[in-house]
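Labels run A, B, C and D following the written order; every chain starts at residue 1.
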Amino acid sequence: MDIGIIGGSGYTGGELMRLLAGHPEAHVVAVTSRSRKGQQVGDTHTHLRRIYDLSFEDLSAEEVASRSDVVFTAVPHGTAMQVVPSLLDAGVKIIDFSADYRLRTEVFEKVYKIKHTDPREAVYGIPELHPEVREQSFVANPGCYPTGASLAAAPLASAGLIELAVFDSKSGISGAGAEPTGVSHYPNMAENIQAYKLTSHRHRAEIAQELSRLDPDLKKISFTPHVIPSVRGILTTAHIFVKEELSEEEIGEIYGNFYGDKPFIRLVKGIPMLYSVRGSNFCDIGFEVEKGSNRIVIISAIDNLVKGASGQAIQNMNLMFGLDEKTGLWMPGFAP
Amino acid sequence: MDIGIIGGSGYTGGELMRLLAGHPEAHVVAVTSRSRKGQQVGDTHTHLRRIYDLSFEDLSAEEVASRSDVVFTAVPHGTAMQVVPSLLDAGVKIIDFSADYRLRTEVFEKVYKIKHTDPREAVYGIPELHPEVREQSFVANPGCYPTGASLAAAPLASAGLIELAVFDSKSGISGAGAEPTGVSHYPNMAENIQAYKLTSHRHRAEIAQELSRLDPDLKKISFTPHVIPSVRGILTTAHIFVKEELSEEEIGEIYGNFYGDKPFIRLVKGIPMLYSVRGSNFCDIGFEVEKGSNRIVIISAIDNLVKGASGQAIQNMNLMFGLDEKTGLWMPGFAP
Amino acid sequence: MDIGIIGGSGYTGGELMRLLAGHPEAHVVAVTSRSRKGQQVGDTHTHLRRIYDLSFEDLSAEEVASRSDVVFTAVPHGTAMQVVPSLLDAGVKIIDFSADYRLRTEVFEKVYKIKHTDPREAVYGIPELHPEVREQSFVANPGCYPTGASLAAAPLASAGLIELAVFDSKSGISGAGAEPTGVSHYPNMAENIQAYKLTSHRHRAEIAQELSRLDPDLKKISFTPHVIPSVRGILTTAHIFVKEELSEEEIGEIYGNFYGDKPFIRLVKGIPMLYSVRGSNFCDIGFEVEKGSNRIVIISAIDNLVKGASGQAIQNMNLMFGLDEKTGLWMPGFAP
Amino acid sequence: MDIGIIGGSGYTGGELMRLLAGHPEAHVVAVTSRSRKGQQVGDTHTHLRRIYDLSFEDLSAEEVASRSDVVFTAVPHGTAMQVVPSLLDAGVKIIDFSADYRLRTEVFEKVYKIKHTDPREAVYGIPELHPEVREQSFVANPGCYPTGASLAAAPLASAGLIELAVFDSKSGISGAGAEPTGVSHYPNMAENIQAYKLTSHRHRAEIAQELSRLDPDLKKISFTPHVIPSVRGILTTAHIFVKEELSEEEIGEIYGNFYGDKPFIRLVKGIPMLYSVRGSNFCDIGFEVEKGSNRIVIISAIDNLVKGASGQAIQNMNLMFGLDEKTGLWMPGFAP
C-alpha cells in the first residue's frame, strides 16, 4: 500500500511514520508540510533520521492522491472538509484525524461552531465498536479522549446498565501538539496538573454519541479532562453509576463477552496504568465495584498517540484493506 | 513556644521544621527518631543543614513533653494512641498527624481494622470548618485528601444542596512517604499516573464524616485517589450533582460568604493548579457550572505537605495558642 | 527600604517578590511591566496572590527611582545600560540583573556584540568573592552559571593551584525564562537533556574574569552548559586539574579557610545535589580527589533563581545597606 | 534461533524481550527468574502482556542451554562466571551482560575486588569497534557508559590525537535497575540531578581499555557519571583536548571515515539529544571545536537500555549468527 500523509510535521504524522516503519505492507510515498517544504522528515522528527529518506513536500490533495492508495489527513478541524472531497473523488481510501466527520453534521456545527461544507457520513473508527470499518473507504479517526472513555464504558452501555457516567480523564501533554504554549512550558507543567474545560470539552460530544448509540436512553454523561506532567497517555477514570448493583463477576463477564476476541483490549486484574501501554496500540481496562453501592470505577489506559490517534488509524487502515488488524501493530509497549 | 516532634525523620517532620524555621514564636527543642538517634537533623533533611543545629533523639513521650509546650506526633496509625494519653497527662498541647483520633471510634475501628485503645474526642483540625480549634489542647490533624475534598465541597454541603459528590483526587507521590517503594520508583512513576484503592481508600471516611456533619442528609459520596508524577500537591476534581440548578453567580456567592474571611482560602477566577499553592498553606478553589445540567465541577488545589499536613498543623497550633492563624505561615508558594 | 523592580513579569522578578515577602526591612513599592500594565502581580505570578496587593505599572526609570531606595533592574542585556544612568543620577542604589556591567567594557562588547553606551565600573556581586559589595551603590548581579562555577573553583584559583578547569554545568530550564520555546516545550524537555553552546556560551567570560582575577596565570578554562528536565537549579561539575597532587585533607583545608565564615556556603561531606538547595540561597560544595592523579572533581549546587539570581541580589542589597547579609534570606531549601 | 535468557526479571531482560518480539529470526524459549518462578512474564513486564505467553522458570544453565541456540546472561557481576563455563561446554552461543568478561582478568579483579574463577578471553561487544564479533560464540556485552564514551572518542583515539579526555556522562535512572532505592525514589530524583562516584566509577576501566587499545599512548582519561531525572538514555559530554588544533572539517572527516558505513552511528549536524535515540539502537554523535584552543566537545547520545545494553546485545547476536546486524533492530526511536 502506498501511503500519503497530508500534514506530517506534527506528532500525529510523526507517530504514523514511526509505526508504519515496521508495517510489512505499507510504504510512505508522500508527506506534506507547507512550512517545511523541502526539508528532510528526519530534521523535524529527529527520531526518524536514517529510517526515512523522505522530504516534506507542498502538494495538493490531488497530487497526494495520485501517488497513494490511502491518505491520512492530519490537518486542523475545519480544514479536512476542504480536502476530503477531492480525495474521495480521486478514489483513494481516507483516514481523517480531524473532528470534521466524527459527529452528526448538526452536532458538529453546534460543537465546533463551524459551518460544514461537506456534510457526509463516515464510519467512526473505533474498530472494537465499529466492525463495519472493514472494507470502508472513508473513516473518521476518533478523538483521543473519546477512544479511552468509550472503550471503558461501552460494554455497560451496550447492556443498558448505566444510569450516570462521569469521565475524569488525565492526558499527557503531547495531546496538545508540537507547538510550544504556556501550558506546555516545562516550568508550568512539571510538578503540576492542569484541569481544563471542566464541563465543556468538545470531545464530550463524541463520547455521548458513541454511548447513546449503544444505549439510546443514556443521557447523563459528564467529562472533565486534565493534563498531567507526562508526555503520552490517557488514563480515564470512569465513575459509573449503574441501574442495579452488579457483582465483580457479573461485570467481568459483561466485559469478557464484549471484548473477548479483540486483540488490542486487555482486560487486566488490577488497575491499568500508562506504563503498560505506552507506545503500543493496547487499551488496558480494569475495574472495581464499590461495596454496597451502585458505583463502579472503571479505568482505561491508552497511549494517546497510538490507540488514541495514529495506531488506531493504522488499525483502521488494515481493516479497510482486508488485512489482519494487528498487522504492523503487534508490538509491545515501551517500558520502563 | 517550645516544640517537640515525635517522629521527625519523615516528610511531615521535615516539612514542620522547614516551616517552623520562619515562625517567630516557635522553637523546636526536641525531635525524635529511633533509627537515626544521634544523627544531625540536617543529615536526613539535607535542606535543613545549617538552619537547624539539632540531633534526633530517642526519647519517651514523657521526656518530649517535659521540654515542650506543644508536641506534634508524626507516628503511624495505631501508634499515636499509645503516645497521646501520656502527653495529655503531661499537660502539653498535642497535634496528632495520625488517623487515630480523626474519626468517631466505631468508624475508626471499622475502617482501620484496629481496636482503639484510647477512645477520646479530638477536634478535627480543618480550622476553616472547625473554628472551635481555638484554645483547644488536642487536635487531630486531618488527612491530606480529606482536606482538599472537604474544603472543595463544604459550602455546598453546608447549604444542603448536594445530591451526589464524586471526588477524583490527584496527589503528588510525597504523600506516600519517604521510604522507597515500587510505586515511588522513578521509572515506574515518571510518565505514568497510578489510580489506586478505586473505591475503598480510608480517607473516604473522613470526607464523609465532615460533609455529613454539614449536611446529615448527604450520603452519596465517592472518592478515588491517584498519584501523578509530581512530588507535592493534591488537586481534587469534585464532580458535584446538586439538587437544583444553580448559576455561577449563586455558587460564587455561596463560596464567598462561606470563605470570605478565611485567609488561606483563595477563591480564584479560572482553574486552580498545584503550581500556585506549592510550598504554601493556601487552598485555591475554582469551579464551573455545566450548562443545562445540575453538575458543578469544583477544583481545589493544596500542597499535600503544607495545607494537607504540616502547614495546617501549624495553623492549628497558632489557633490553639491564641495567635493569629497566619503567624509564620503567611508566605507565598514556590514557583516556578 | 522601599524597593522598585524594573521588569517584574519574568522569573527573576517573581522570585525577588517571593523572597522579599519575608524580608523584614523591605517593602516593594513599584513593579514595572509594559505589557501587563494595570494587571495584578498575582495574575502573572499566581503563587503571589493575596501576598501582594500590587499592580504592574508602566513607569520610567525616573518615576521608579523617585519612589525607591533601591531599584532592581531585570531587563534584557543591552537595555540595562539605557536605564542605569538615570537611576544613578537619581541617587538610588541599583542591582542590575543584566550582563551589561558584569564584564570589562571591551570584553562585554566582544562577547555580547553590542556597543556599550555607558561604560562604567560596577562591583561584580558575588559577595563571598567581593566583600567590597558592602556600602556600594551599584552592583552587577552575576550570571547563574558563573556563580556556581566561580564558587566551586575560587579557593583553588586563589591558591594559584589550577592548571586546567573544565566546567560541565547542568541547569534547570527556568534559566531560559518564562516564555515558551521549543526547548522548554514539555515533550521536548521531559526525559531528555540538552547540551548547548558547547564551547561558546557567553557566561564563560564571567567565569574567566573571576578566576583570572584570583589567579592571573590561569587561562585554561572551559565551560559547557546543559539543560536538564528540572525547573530549578544548577549543578556544576568542575573537573579541575591542579599543578601538584593534593590530598583530600589539603583541599578541605583550603576550602575551609576560604569559606569558613561565609553563611551561605555549605561545605558538605558527600556530593551536593539540587535537592538540598532548591528554594534557598545556599551554595553546597563537595569534592573528590582522583587517586594517583592531579584531578579533582568539585561539585557545586545552587538554585539558579536564588543564589544564581534573586537571592544573591537580595544578599547584595543587604550588604549595600549595611545589613546582615542573611536578613530575609535565612530560610531552608524546599524539599522534597 | 531459539533464545534463552538467564535472569529475565530486570530491565535488561524486559528490554531484550521487547526488542526480540519484532525480530524475524528469534524465538524466546526460556526465561529464568528464581523469585518469580511460575509467574507470567507479563505480570512483571506489564508492557509485554499478550505479546508473550511465557512464564518465568527456575532452570539451571544446562537446562537453558539444552533448549537454546543462544543464551543471554543477565545476572550480577560475579555470578556470570559461575554460569558461563557450563554454557560454553553445552555449545551454545553466549552474550553476557555482566562485567565478568569485559576486562582483562587482572584489571577485573582489581576493579571489582572479586577473584575471577573463570579467566577467559571474550570479545568486547561494541560491534562498531570490534568487527571480530562476527562468527564469535562468546561476547561480553559492554557497560552502558563505556558504550557512549568509547563511541564518542574512538575516532580521535584511533588517530592518536587525544592528549586528555574528560567524560562527563548523564544517565537516566533505569541504569540503576528495577529495584527501588533511595536514589530512585521519585521525590529524591525528580527536579534533581545526582553526581556519583566522581572519580572512581568502575566503568572507567572499560573506557580506558577500549581507548588505549586504539591508542596505547593515551593515558589521561577521566570519567564522572550523573543520574538525571529521566528514565532512559545516556548523554556523554566528552571534553577532549587534542595534541594539535583541528578544524571542524578535519574532525568531520575523521568521524566520517571511521563510522561511514556503520548503520547505527548517526553523525549529526547540531547537538545530539536523548529525545532522538530513545528506544532505538542508534548512537548519535555531534561535536563543536572551541575556537583558538585545542579543545573539542563531542556529544554522544544513546538509549542505555538499547545501544547501552539489550539492543547492542541483539546486534552482537545478529553478527555472531552471520545475520545483518540491523535485523530486528532497524526501528526508529520513540518520540515525543
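FYI, a contact is a pair of C-beta atoms (placed from the backbone, for glycine too) under 8 Å apart; a residue touches a chain by one contact, two chains touch by 3 or more.
The structure presented is a predicted model; accordingly, all values stated were derived computationally and were not measured.
The interface holding more C-beta pairs in contact, when A-D is weighed against A-C, is A-D. When chain centres are defined as mean Cα coordinates, D lies farthest from chain B. If each chain is reduced to the centroid of its CA atoms, chain A and chain D end up 36 Å from each other.
Taking each chain's centre as the average of its CA atoms, chain C and chain D sit 38 Å apart. Averaged C-alpha coordinates put the centre of chain A at 46 Å from the centre of chain C. Shared interface positions of chain C, defined as residues touching 2 or more other chains, are 11, 174, 178, 187, 190-191, 229-232, 273, 275, 278, 336.
Those residues of chain C whose C-beta lies close enough to touch chain D in the complex are 164, 166, 168, 170, 172, 187-188, 190-196, 198-200, 222, 224, 226, 228-233, 235, 237, 239, 241, 271, 273-275, 278, 287-291, 293, 295, 297, 299, 336. For chain A in complex with chain C, the touching residues are 11, 173-174, 178-182, 184-187, 189-191, 229-231.
Chain A makes touch with chain D in their complex at residues 11, 14, 17-18, 21-22, 45-51, 174, 178, 190-191, 231-232, 263, 266, 268, 273, 275-280, 282, 330-336.
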